[in-house]
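Given below, in the form of structure tokens, are the structures.
Shared between the two complexes below is chain A, which pairs with chain B and chain C, respectively.
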Partner chain A sequence: MLWPIDLIVLTFVIFCAVAAITVKDLLGTAILFSAYSFLMCLLWAVMGAVDVAFTEASVGAGVSTVFLVAAVFRTSRRTKD
Partner chain B sequence: MKFLGFVIVCLTGGLLLYGTLDLPDWGDPASPASTHLSDDYIEHILEETRVPNLVTAVLADYRGYDTMFETAVVFCAGLACFLLLRDFRPKKDRYFRHIPTGVMLHVKNPEVRIIPGNEFEHMDREWVPSDRIIKTVCRILIPFIQIYALYVVAHGDFSPGGGFQGGVIFGSSLILMAISYNLKTLMKRVTEKFLSIFAATGVLIYVGLGVLAMIMGGRFLDYGMLAPLVPWDPGHIRALGMLGVEIGVGIAVMAVMVIIYVNIVSEGRHDEGL
Partner chain C sequence: MTELVGLIVAKYNFWLYIILMMIGLYAMIAKNNLMKKLVGMNIFQTAIILFYVSIGYKHGATLPIIQGDHGGHGTHGAVIHAAEYINPLPHVLMLTAIVVSVATFGVAMALCVRVYRRYQTLEEDELRIRLSEK
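For the complex of A and B:
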């Protein structure tokens, strides 16, 4: 059955989302966002929306992480708050 | 203040979750979308467009107008990145290496111009020698990634994928080249002019196909009207029209992804980056 996979992935998604806004290191946040996107991609694939999963994997987990890392590289690595 | 923000976020989230209670269940056959709309698409798409992937058919044909403006939005994102970040002023602190002797030059006077060529080589400020393993692996990997991207664009009609995904994958293969070597290696092969022209060409291909359908006597983006232009089976003309549109989207997205990356990572100077 697929529902335990659903629940496990959903738990990890929430964990990643909470971690991404609490971690002070912005580079870590970028990587956590990447993990979040990849888990969302798994969720889309489980639900049968393969096209959306494909987009999420390439845009969310791939290119946007590179953009975030590039932005961190040119600004500061630690947040002020 | 932080506590107030937390309360507001919790309230908004709770309201949103409460709002989802009214939504139909996932895969509910009695939901309004599944009662007539989805059935209509599933029954008629194959005979109307001859495209097996229903998602692509809806995106590129039935909702082609939306996808055209999505492409325009991606183009505008690249344009905004260019206008906000691009910096044409020369840098004050520059480093050069005199190739025959290996001496490093630190140029602080902005009026001194050294043209990189056989004698002088431009060096990055935070230059780290690239790892041989990373360089070799990326050099082998990049052509395969690019072939895969072209496959995703070309097979958007038959399998998951399409212009957006293929364009992003092609763009990330170029970004990978910039990361594994350095930004100059990429900008030497893929110049800014090339990228800008490609970004605009992609949108132009999409809109051009729509206008061509109008010239042929149909409505905007009505690919069925292009049938006299191709010598093959006219039944497949909608699939071919979608393929043309997907190629346009792929070109635009590929160029815009590289433009955004290059402008962010080099603070708009296009000289040194990650």
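For the complex of A and C:
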């Protein structure tokens, strides 16, 4: 594990997590959460867990985002917090 | 004092995982929107999975895939040293956890859609008002 890559990606992950729960648009939350999942997949590939990495890339960044976007379009997009 | 700082810097990834976990916990408790709560739940789960996967990591070790000869036939098979490979046991456990987390997420989203159809809101305080009206 190259520690500069690890540290930089972890910083981005925390930034994405904070942004995903603070943004006031739920579609924005969906996209930021997708970015979060993809960065997480990158982190696992760096750690040598390739099987976990590609499962996260397909399931976390793919299916979860589709679920979230579909649910946002069936409900409201705006939120108060 | 310098030893303490050294300890914190040396184990920086664990501190960052704890920060990530607490972001998820905060979102689950303090956010008003049900979807934000679910995103917080997923952040919490991935922080725990990250912690477990990082436990299996070894310095200077390679991926848990056997290199070269598989050693099945005869005596000339390569000897496998477990110390040269990253421990795959946490990976396998966390693979199950990821699949469970996406299933939970899907069911929770379906419930959110049902709640919205019935009460026309996903905000927790408005839901409480609508429920107490009945």
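Criterion: the second predicted complex is superposed on the first by the 79 of 81 C-alpha atoms of A that agree within 3 Å, B and C clash if a C-alpha of one lies under 4 Å from a C-alpha of the other, contacts with A are read in each partner's own complex, and residues count from 1 in each chain.
FYI, a residue touches a chain if its C-beta (ideal position, glycine included) is under 8 Å from a C-beta of that chain, and two chains touch if they have at least 3 such contacts.
Quick caveat: nothing in here was measured; it's all calculated off a predicted structure.
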{"item": "Chain touching more of chain A, residue-wise (chain B, chain C)", "value": "C"}
{"item": "First, second, both or neither for A:D51, with chain B first and chain C second", "value": "both"}
{"item": "First (chain B), second (chain C), both or neither touched by A:V63", "value": "both"}
{"item": "Partner chain in contact with A:R74 - chain B first, chain C second, else both or neither", "value": "both"}
{"item": "Which superposed partner A:D6 touches (first chain B, second chain C, both, neither)", "value": "second"}
{"item": "Interface residues of chain A shared between complexes with chain B and chain C", "value": "47, 50-51, 55, 59, 63, 67, 70-71, 74, 81"}
{"item": "Chain C residues within the chain A interface of the complex", "value": "12-13, 16, 19-20, 23-24, 26-27, 31-33, 35-36, 39-40, 42-43, 46, 49-50, 53-54, 56-57, 59, 61-64, 86, 90-92, 94-95, 98-99, 102, 105-106, 109, 112-113, 116, 121-123"}
{"item": "Contact set on chain B toward chain A in their complex", "value": "2, 26, 53, 55-56, 152, 160-162, 164-165, 168-169, 171-172, 175, 179, 257, 260-261, 264-265, 267, 273-274"}
{"item": "Residues on chain A engaged by chain B in the complex (per definition of touch)", "value": "47, 50-51, 53-55, 58-59, 62-63, 66-67, 69-71, 73-74, 81"}
{"item": "In the complex with chain C, residue positions of chain A that touch it", "value": "1, 6-7, 10-11, 13-14, 17-18, 20-21, 26, 29, 33, 36-37, 40, 43-44, 47-52, 55-56, 59-60, 63-64, 67-68, 70-72, 74-76, 79-81"}
